[in-house]
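Chain IDs A, B, C and D follow the sequence of writing; residue 1 opens each chain.
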Amino acid sequence: MDQLLQHLVNGLVLGGTYALLGIGLTLIFGLMNVVNFAHGEFYTLGAYVAFAALTLAGVNFIVGILAAIVAGAALGWLCEVTLLRPLRNESIDTTMLVMIGVWIAMQNGELLVWGGVAKSIPHPFPTAPLVMGPVAIAPLRVIVLVLAVGLIASSWLLIHQTKLGRAMRATFQDRDTAALMGVSIGRVHAATFAFGSALASAAGALLGPVFLAYPSMGDLASLKAFSVVILGGLGNLTGATVGGLLLGIAEELGAGYISSGYRDAVGFVIIIMVLVLRPSGLFARQERIG
Amino acid sequence: MTLAVSDLAVSFGGVTALDGVSFTVRPGSITSIIGPNGAGKTTAFNAITGYLQPTAGRINYDGAALTGLRPSAIARRGVVRTFQRTSVFPSLSVADNVLTGLHLSSTAGFLDVLVRRRWLVLEESSLHTDVEEIIGFVGLGHRRDEMASTLPYGEQRLVELALALAARPRVLLLDEPGAGMTGAEKTVVSGLIRQVREQGVTILLVEHDMRMVMGISDTVIVLNHGRVIAEGTPGEIQAHPDVIRAYLGAPRGAA
Amino acid sequence: MTALGRGLLAAAMVTLPFWLADPYYLHVVIMAGIFGVLALSLNLLLGYAGQLSLGHAAFFGIGAYTSALLTLKREWSFWPALAAAIALAAAAGWIIGRLALKLRGAYFVLVTISFAGVISLVSVNWIELTNGPLGLPGVPAPDLGPWSLRTKAAYYYLVLAAVALSYAVCRRLVRSRIGRAFVALRENEPLAESIGVDVTHYLVLAAVVSAAMAGLGGSLYAHYTRFVSPEVFLFTYTVTMVIMVVAGGKGTLAGPLVGAVLFTALPEALRLAASWQWQMLAYGSLLVLLVFFLPRGIVPQIVASFSGHPRSAPTSRTPLQ
Amino acid sequence: MGKRSIVLVALVLVALAALTVPGASQAPLKIGVIQPLSGPVAASGNYIRMGAEIARDWINARGGIAGRKVDLLIEDNKSDPKEAASAAEKLIVRDKVPVIMGAWGSSMTLAAMPKLEEYGVPMVVETSSAASITKRGNPWIFRISPPSEMEALGLEQYVDKLGVKRVDFLAVNTDWGRGAISAFGDMLQKKGAAVGAKEFMDQSATDMNAQLTKIKATGGDTLFLTTAVEQITLVMKQAQEQRLGRKIVTTGGSSSPTQLIKQAGAAAEGSYHIVFFMPWFPEAMPDGKLAKAFVDEWAKRGHPFEGLTEGFRGHDGIATIAEAIKVAGKDEAAAIRDALWKVSLMGVNGPIKFEKDGPAGKESGQSKPSIFVVQIRDGKVALPDFLAKK
């Protein structure tokens, strides 16, 4: 029983980070129809920017995370404007291929700049665990979970309460109609990609201190983000949030009670089952953004 | 050879689109379904051709049930449709569109194709003859090698008609074949429809253009709010009080 | 291509080991041939039937493992093992094909990734069968009657035959009513159904043939490198196949082969041209440039520039939902 | 032809031009090196490369071998067996190297091995731990790293002092991790310890809480940990968060305690590490002078200190090969192979001398490296408490 509680807490924290990764991707995937294999590279970017800001520039933790968000947004915007915009009328696999190229180039660029050795990102929080009965958790993880929830909430507000969010939702429903209604599709796409990339980058900056920063860290992140998108349904923020948590908890329980060698298989099998039984994701009654 | 629809009902999540519709389509006739927007015309088409499962009711053709069959199986039985929105194979040429449409006119299976049976060559060449014949019939000979998506709208609708004809229908369901066409193009289409009927194909038509409907139909069925409110010859329908009321309630211009 | 060009190409291919004496080049050519089979196979599903499978490495890996296990543990000879590899991969393709019926576009992409992920984890964890992460060394070289196909030149001819066979199968399929049915499904599925194309039958057929061909590639790979490990299921193998197909020109017969040759030679050329730090960076950047300038692939671009048609042949967007 | 076609043609031409660059001239002695320089284990591969470069520069500074300079031809296997085989092919056929050092991971080494047999070129294996490498009967293989069984035997003498009664395992799910679990498991059982959980993690996994929660429930006293230093860091941090409270012993020699102190901090305190090189006290190594010189040179080049526990293997591999070339008196593959049987030298690790291993008539060479145990105490690397007390 104690073990189960600890597994559930572990899964919750892990799932929160999956959710953060999934939200950025679900917007890009759902709204722009781009299979963004470079999503995990923005996650890596965030971790390295945070590392650079915290150790080389010596700023404080929150400023480091903000720097990562700004860098992710800027590079995401640049990427959309220079690479994806000219290819907007091409098929989904053409844009996917371009993002595969970006993925390979970014990862090896990072290897060139930072070397292959993992970097440990400092943080100001105590390392002694918080203990609640049978459950132990590091303070940093609690902070990360809180910040992740905050970021998820701000994303929700952005989508539902701002003009940009309305334009994004309209574009997701029907690009042509949105364009007729005066929405600048180009601007919406650039904003979406920048926003999604910034979220991935923020996730990297948050998780970097929990884990480590190294060039190939984004590969697993991309895979998990895709899984979350599918569990939650394309373009569905709530779905991505709940899907992330579910995936985290399921993996944790799978590794705890079935076999740790098949840990990632648990996630895959859930995805296959969800897709076969409920092809549009767990939460999508009909696809929508928001 | 009769297409018979009985007590057909379709509802989507509480909204009833068709509510106990029954009619029969006489072999060799041109029968039109008319009605205001949202009356359930396209829903009826979708149910008949297997694109959606009716909540209740039966659809029989030639004595056998079509209900529950997949669209491709229904097409194989000779009941073929076109779509309300232009629907072609966009990146194929006109000739390749029609050649693809001749799917049911050929029989080769996987192994036949791999070992390239001798009769296959004959079959392919006869298909190519059919392609020319069908393209000629709809009057797109001058466009045969152009990509379908680059054609003007009216001609794309003709490609669509050619595709449907290539499936060798015995009953042809046309969903607004004249929509978006110029008057001259509509005349051409009406002529084609008549010619198709001359060849023994039963036609079921959904169309908003009353002149076209009244000009070519043998029988007209009027739907409103998911029910049949009238059925008869064009003359009878034009004089039918319920129909006039339905249309006055929702007056409409040319489609 | 003219008949003369085709004849010259065929002659060049058949005589290649005689004028390309350097075994390293021959090695690159053999790898290009194996990947050519894989790219042709993916193209059938992606380029013609319009289903983007990102789990194609699963079929490749299943073929490689089947062939390796049967020759190593059951001491089968190469040819029946090859047949079994093809058959088992085809069976896996059948499963994926059935899934494809319910799932399209992005969802199909994800289910194929997940499928490959599960198979890969099985190969790592089912130690008794697969020897786990250690892999299976010592896969024997194939025999043809009394001759061992141990030498590079002999293996080259085996691979060449496989490429020719795969190409011929693709060509016959594509130019038949079956290929037209594939394309119809890619272009407009409801319309395809309305003219009597049985979606179930043709999607499953496309997946089965494609997977079988990938299984062939896997078996050839196993007996050439003589070593199979769970890395054959790596996502990078699928990515490489997709790069070859899309960059070469999906939905064309020659595109995947051109892509396979180019993208097998490119990393090796970079090996020679740049020090290791820059190789993958250059590879990624070149890929971006290539897609950027030739979004529809090399072969369609060349065809278009020779036939004088405008470039704007809009390949239909692969439907996402 | 549009602008885009021209770009395409240019790309193709660049590729072709690159393919036809002629091979280098014959003068220097060429040694091939195959390492994972990109991909998930790039850090380790690069440390090995740095060590190999030190060995090369030292040899060349001493005037080379019989007046000929040594040239390292370094290839990246991208942590992928296919690439390892391709790299071996390229080195042997294109670059005509008579001897190779490689290829880090066991599956990479195993994939390259058929090429060695095909062309008759020896390879000195510097890192791989799978037993099957020397047991397969490939007479071109000479290994200076210990297979897991040898490593386990090396630890045997300390088991009682470590006080291992109930042991759990957590290892990376690769040949290395699996091999370590079975080798150390056998050895510990023989010594009378009970074996609890055997848990695995994916090479790229970052969250090991599930495994640790499970291990925590077994009530053992020691955790054997086998993986790369990054994952060891994560496991230690997460073990601390979960208050696991076990003795941790890392195996495989890749653990780089210095890096652990830096990155895991207090979480690494008290842990034991099996290493094959002790750069903290080089004087204690079998050849203290050589070890000291290597540590100094490493620092002079600005390489990170934590890379030393990997990097020395690059040095020892190249030193072994250089010695063999010297003994052979020529740079021919078969002569170098024969000479490798005769070499006897001091590496940074200790004496290197090959003994026969594997099926009779087709034996591979296996050297018996020195194995050490260190402990992290008070934020520093020290000899283990049980040795220090003596």
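In this section, contacts are C-beta pairs under 8 Å (C-beta built on N, C-alpha and C of every residue); 3 or more make two chains touch, one makes a residue touch a chain.
What you see is a predicted model, and the numbers here were worked out from it, not measured in a lab.
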item	value
Any chain in contact with subunit B as well as subunit C	none
Geometric centre: closest chain by C-alpha means	C
Mean-CA-position distance for subunit C and subunit A (Å)	31
For subunit A paired with subunit D, centre-to-centre distance based on mean C-alpha positions, whole Å	35
Whole-Å separation of chain centres (CA-atom averages), subunit B against subunit D	71
Residues of subunit A engaged with two or more neighbouring chains	108, 111, 219, 261, 264
Residue list for subunit C, restricted to those that touch at least two other chains	124-125, 277, 280, 286, 290, 314-316
Junction residues of subunit B - those touching two or more other chains	none
Overall pattern in which the protein chains touch one another (line/ring/star/complete/other)	other
Interchain contacts (touch definition) - all pairs	A-C, A-D, B-C, C-D
Touching residues (chain side subunit D, partner subunit C) in the complex	1-5, 7-8, 11-12, 14-16, 18-19, 21, 37-38, 74-76, 78, 80-82, 85-87, 89-90, 92-94, 106-107, 110-111, 113-114, 130, 132, 136, 173-175, 177-179, 200
Subunit A-touching residues of subunit C, taken from the complex the two chains share	46, 52, 99, 102-103, 105-107, 109-111, 113-115, 117-118, 121-122, 124-125, 235, 239, 242-243, 246-247, 250, 277-278, 280-281, 283-288, 290-292, 295-296, 314-318, 320-321
Contact set on subunit C toward subunit D in their complex	22-25, 27, 31, 124-125, 127, 132-135, 137-138, 225-227, 229, 231, 234, 236, 262, 265-266, 268-273, 275-277, 279-280, 286, 289-290, 293-294, 298, 301-302, 305, 311
Of all residues in subunit A, those that touch subunit D in their complex	3, 6-7, 10, 14, 108, 111, 115-118, 120, 127, 129, 131, 136-138, 141, 207, 211-212, 214-217, 219-220, 251-256, 260-261, 263-264
Residues on subunit C engaged by subunit B in the complex (per definition of touch)	169, 172-173, 176-178, 180-181, 183-184, 187-188, 190-200, 205, 209, 313-316
